[in-house]
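Okay, so subunit A shows up in both of these, paired with subunit B first and subunit C after.
Now for the complex of A and B:
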C-alpha cells in the first residue's frame, strides 16, 4: 500500500494572507531571455573560430541554428513561464549571460544578446515566486525502479555533459572555459527548477527507500561513463584524478564533518600514502603497496592526532597546519631520501593485476578505463565507510564531540580515543588514495602536497556539505574539475574558490548537499 | 550510603573553589545542595562525575573510591550528571540525544528505557525526530533529564534543573524529580532556588565559598532563620 506513505501537504488549506503572484509576472523576464537567446551575441567575428553556437555576426547566415548556450537559454526562457520555475531559470540565464559578457568583453567585443538576457534573468529572479516546494507521493515499487533507473541515467548524462563541456583544452577550443561555465549556469538553472518543483527531494526520498537498488544502479551508471561522450582516454584520466581527490575529501569529511576536527594539513596523508607506495612500487605488487600506504598514513595520523588531543578549535587548526608544513618541507628537502626532493620519484610502474597493465585499454574500452574503474571503487568504498560510521555508535560519539565536547564526556564518550580514531580513519583513507595517485601518475613530487591542496580539499568538504555522504564527492568534483576546465584562469584559482565559498555560505550555509 | 564525598579541595589557578566540602547521599534519598552563585555547587558535581579531578579528598560510590576515575568510568559505575544549563546536543534529534545518554550501555534494554522516557515525557515521544535545539526551555530540561535517565544510574545528579523556566515548568520538573524519588532513584540536586530544593530534599547542605556551612533535614533548614534570611529572601 502506498497510501500510508502519503505525506501531509504543507498547509495549503489555510488561506494565505498574501495573494500568490500571478503567473504573468514572469512573462516579461522570460520574453527578454528568449529575445536575448535569439539575438547576436558578439558585434564582431571572433578570432579563433566561431563563438559557440554562432554567437557572432555570422549568426545572420543561419539564424535558426540554435545550439549550445543559446539552446540552453531558449529552454530556460520557456521554463521560466512555469510559475515555480521562474526564479531558478532566471538565475541560470543570468549566470550564462554574465559568463559570456565577461568572456566577450575580455576579447574586446561587445555583446547585444548578453545584457538583454541578463536583464531578463534579473527580472525573473526579482519578480519570481518564492514558495516551499510541493511534496509528492512516492510511487509503488513497480514504478519506482524504472523511475530510479531513468533518474540515474539522466544523472550519468549530466555528469558526462558537465565533464566534456567546453572540450579538452585551449588547444582545441579557445572558448572552452566560457562554454564550460555557461553549461554550469544551465545546470544550476536545471537543478534549481527541479528542486523548486520538489522533484529532487522526491527522488532522494525514493532512492532512500530503495536504497540497495539505488546504490547498485548508481555504481553501474558510474561504470558506464566510458560509453558516453566522456569515453576517451583523456576524460577517463581526468575523471580518475577527480575520483582520487574525491576519495581524499571524503576521508577529510570524516575528520572535519563528523568529528569536527579542523585539519589544515590533511593533504600530507595523501602524500605519505603516495610516497610509501612509490618507494615500494618496484618491490611489491600494488595491493601490498596500497595497504602499506594506508597503514603508514594511518599510523602517522595517530602520531599527529595524539598530541593534538589537548588543543581545541583554532589551536588544533594551527597544529595540523604546522604538521602539513613540516611534511611539505621534509619532502621538498628529501629528508630520509624517501621523496626524491626536487627531482620527485619518477618511473613508478603502472598498476598491473593478472597481467593486465592498468594504463592499457581493455576490450573496446578507452585506455585509462581501469584506473577510472579503480577510483570509482575507491570512492564507493570510502563513501560506504563514511555512511556506516556516520550511523554507528562511533559516529554518534563524534557528532556529540563536535557539538559539545564537555557534555560528550559526561555522557561517557571517551573523547581522546574517539578523536584519535577519526584521525586514524581519515589518514588511512587518504593514504590509500595516495597509493593509487602515485601509480596512476607514474611520478610523485612534493609539489602536489602543498597547503593550497589542503585548503582545496577543505573547501570541497564545506562546499559539498559537512558530514553528508555525497557532499564531498560533489564538492571535490566541482573544485577539481574547474581548474582543469579553466586553465586560462589558473592564477585566479584560489580567488575564485574563495568567491564560490562566500556565495555558498551566504545562500546555502549547509553546503550544496544538505541533509 | 550511595555517595560519600570527604573533604574535597579544588582550585582553579589560585582560586580555591572547593575548600573541604563533605557530603553524603543515602540510598534512595534526595539530597539538596544550595548556595549562592559561585559557591562551588557545580564544581562539587563535576568532581563527583569525574569531569574535574579534586586535588585532595575522597569520593566513594557504594564504598568504592571513584575520585581517580575518568568520566566514562564514573558513569559506568553508576553516576549520571544532568548538567547546568541543560547542554543538549542541539543539532541532534530527541532520539539521538537519548541514545547518547545510553552511550555506554551494551545491553538489550536501551529501547525499553527509551520508551519509558517517552512515557514519562509524552512531548518527547511525539517529537522524537525533531532537533533538540527547536525545543522550549522546559522541554529541553525534560530531554536533559531523560538523557541522564538513559544511563540507568544508581545516582542521578541535577545541576539547577529549574533554571530559567516558567513557574508552570518548574512545577512540572519538580514533580518529575519527586516521581523519580518515589520510584526509588537516589538523587543529588543542586539549586539556587532554595525553597524548591529544600521542600523536595530529605537532607540539605548549604555551601558557601567552597565550604559546607550548614546541613540538616530539608524541613529544618527551611525553618532555620539564617537560611531564610540568606537564601529565601
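Now for the complex of A and C:
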C-alpha cells in the first residue's frame, strides 16, 4: 500500500518524517519579529501621545528602557530562536501585530512595524516545528516546594499584569483596549512556549502530587494580589466582581459540567440569593442573610430540578429557560414587593464584621480588599466543593448520568436523587454568591439576572472546560475581565459571545482546560 | 362577553402568526432532534429584510398589492439565505458531536444574529415602525373587530400549514423527510441523502418564517430585534404542545398558545404584565406531563 508513496526514494533511506527540522528555519521569522519590534509603529503622532511610548529612534539611546508591547515582541522574537518555541512565539507575535494594526487602522494611521511583525509571526508559525512536548521527571520534595512557590508567584504576577494591562479606563489611557488585547497576545505566546516545552503539564503534575501544599500556596498568592500593581480600590472591586461570577460559574459547572444537565436559567439562583439577602439586610447580620439566601436558592433549585425526573436533554434545557424567564418577569414586576421592580432595591448596607465595614480600607490595604478576600474564600470554597464532589460517589453518579442516563440507571445509580442533588448544590452555591453580590454592590435590580447573564455563565463554563475544577475560574475570569477591559467595544460584547460559543463548539468543544 | 370574544380573536391571530414559526421548529426537531433557537432569529431577520426593501428600495407611493408580495419575497429570500448559511456553517460540522454541542451552538447563532442586526441595521437599537403594506381598517363581526391584517394572518397561516402538510405527505422530498425522521440510518440505506433532507427542512421552515415575519410586521406595525427570540420560544412551546413532528399539531398548539397568552393577560392574576409567565408555566407543565403533546406519539428510547 505504501509502495507508491515511497517509490521515488532509495529503499535504503530511512523515512525522513521523524527527522527534526533544522533550528535555523526559525531564524528569518524571528529576525522579522525583532525588526518589527524596533521599527516605527505609527506613521503619525496619534491622540494621547507617541505610540508606542518610546519613539523608535530613542531606542538606540536607551535600549533597556523599551517597554510595553515592543518589549513583549523583543522577548517573543528572542524566544522564537528556541526550536520548539517558534510556533507559539510566532502566534503571540502575530496576535500582537494584528491588534495594533487594527487599532492604528481604526485611527487612520499606517503602521510599518505591524506588517513586518505579522509577516515574521506567520513565517514562524508556518516553518516552526510541531512536536509532542517532552516529558520531564518530577523532582524530590525538597526541590518541588520552592518550584511550586516560584510558579504560583509567577502566576500571581501574570494575573496582576493581566488585570492592570491597559490601565483603568479610556479616560486615563486612550490606548487601553489595544494594550490589553496585545498583552493577551503576549500571554498566549508565553503559555504556548511553556506548553510546547512540557513545562505546564509538568507543573500541573507536580501541583497534583503536592496537592495540599499547592492549594495553600495558591490561596496565599491570591491574598497577596493587593500587594502587587493591582492593589488599588478599583482593581479590588473588579477582582471581587469577577470572583463572584466565578463562584457562580463553578456552581453551574456542577450542574452542566458534572451532571450534564443543561441549565439555561441558572442566573435566577444568583438573583434569588441576592434578593433574599437584600430583603434581610436590615434585619439580620450578613452570615445569617447569606445562609438564608443560600437556603432559599437551594430550595428553589430543588423545585426547578424536580422536572428533571420526567424531562431530559433538550426539553430540560427549555424547562430551565422557562423557569429563568418566569423569575425574570416576576422580578421585573416587583412580585410581592420583594424585588423593587424597576426601582431595584437600593441602600443595602455593606458587610460589617467586628465594627469593620467591608467597603473601608483596612490597615495599609486598599478599600475593597475585604470584599476581595471574601470572594477569594468563596471561590476557594466552591472549588473545594466541586473537587470533592467530583471524586465522591455522588460525583461518579453524575458523570455516569452525563455519559448515559439509561446505562447509569441500569447500573444501579439512583438517577433521580442524583439529578436533584446536582440542582440543589448548584443553586445553593449560586445563592451564597448572590448574597455577597447584593452586599457588595449595595443595590440589586432585576436587570442583573436576564437571559444573557445565564448565557455568559454557560459560556464561561464551556470556555473553561466542562467539569474541570479550574476551568470555570479561567472561563469566568476571561469573560468578565474582557468587557471590563474593552468598554469601547461594549456594543459588540454579546455579538462576540455568540460567535465565541459557535467557534468553541466547532473547534474546541472540550474547552481550554480539558479534563 | 364582548371582551372575551375580542380576546379570543386577538389570541387566534397571534397564534396563527406563531404557528408559521412553529412549523419550522416541529419539522426540524422531528428530523434532527435539534432545538434550533436560531429559527426565531431567522423569522426576525426576515422581518428586517422586508422592512429594508420597503423603506429603502420601493418608491414611497407603491400600492400595497405590489409592496406586499415584494416584501414577502424578500423576507423569504433573506430568511432562507440566513437559515442555509447557519446550517452549512454552524450545524453541519457538528453532526455526530456531543448532544449539548448543537444546542449551545444554536444559542450562539441566535445571539449572534440578534446582535448583528441590532448593531448594524440602522435604527435597530430601538423598535422600528413597520410599513403598512395592507389596507387599514377592520372587519366588524358583531361585538368583535379584527384588523384586516389579522384577517389575512388567520387566512394565510392555516392555508400554508395545509399546503406544507400536503407537500410532506405527497411529494417525494416529503416522503424522504418522513423517512429520515422515522429512522435516519435506514433512510440512508434506502438511498436518501440526509444532508439534502435536512437542508430542505431548513429551507421550508425559513420560507414559512419569512412569510410569517411580514404578516407579523404589518399586523403589529412594529418590529425589534427581540421579536425572534420571544416568539421563537412561544413557537417552540407550540410545537411541543401540539406534538413535535406533527404539522397539524404545531398549528393547533400555536393557536392554543395565542389564546392562553391573550386570555391570561386579560383575566388571570397579575394581568398583562404576567401573560408571558402563564405561557412559560404552560410550557413547563406540558413538558413534564405530556411531552408527546396533543397529537404526538410517546418518544421511544433509542437503543
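Keep this in mind: the second predicted complex is superposed on the first by the 471 of 515 C-alpha atoms of A that agree within 3 Å, B and C clash if a C-alpha of one lies under 4 Å from a C-alpha of the other, contacts with A are read in each partner's own complex, and residues count from 1 in each chain.
The definition used in the following text is that a residue touches a chain if its C-beta (ideal position, glycine included) is under 8 Å from a C-beta of that chain, and two chains touch if they have at least 3 such contacts.
Only a predicted model underlies this, so the values are computations on that prediction, with no experimental measurement involved.
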item	value
Clash or fit, subunit B versus subunit C on superposed subunit A	fit
Touched partner set for A:414, first subunit B, second subunit C, both or neither	first
In the superposition, subunit B vs subunit C on subunit A residues touched	C
From subunit A, separation angle of subunit B and subunit C (C-alpha centres, steps of 10 degrees)	70
Touched partner set for A:406, first subunit B, second subunit C, both or neither	both
Which of subunit B and subunit C A:239 touches, first, second, both or neither	neither
Touching partner for A:396 - first (subunit B), second (subunit C), both, neither	first
First (subunit B), second (subunit C), both or neither touched by A:315	second
Which of subunit B and subunit C A:323 touches, first, second, both or neither	second
Lowest inter-chain C-alpha distance for subunit C and subunit B in the superposed arrangement, angstrom	7
Set intersection of subunit A contacts, subunit C complex versus subunit B complex	406
In the complex, subunit A residues that touch subunit C	256, 260, 262, 264, 307, 310-311, 313-315, 317-319, 321-323, 325-326, 329-330, 332-333, 406, 452, 455, 458, 462, 491-492, 494-495, 497-502, 505-506, 509
In the complex, subunit A residues that touch subunit B	393, 396-397, 399-400, 403-404, 406-414
Subunit C residues within the subunit A interface of the complex	33-35, 90, 93-94, 97-105, 107-116, 119, 233, 236, 240, 270, 273-274, 276-277, 280-281, 283-284, 287-289, 291, 301
Residues of subunit B touching subunit A in the complex	49, 51, 70-72, 75-76, 81, 83, 87, 89-92, 96, 99-101, 103-104, 147, 151
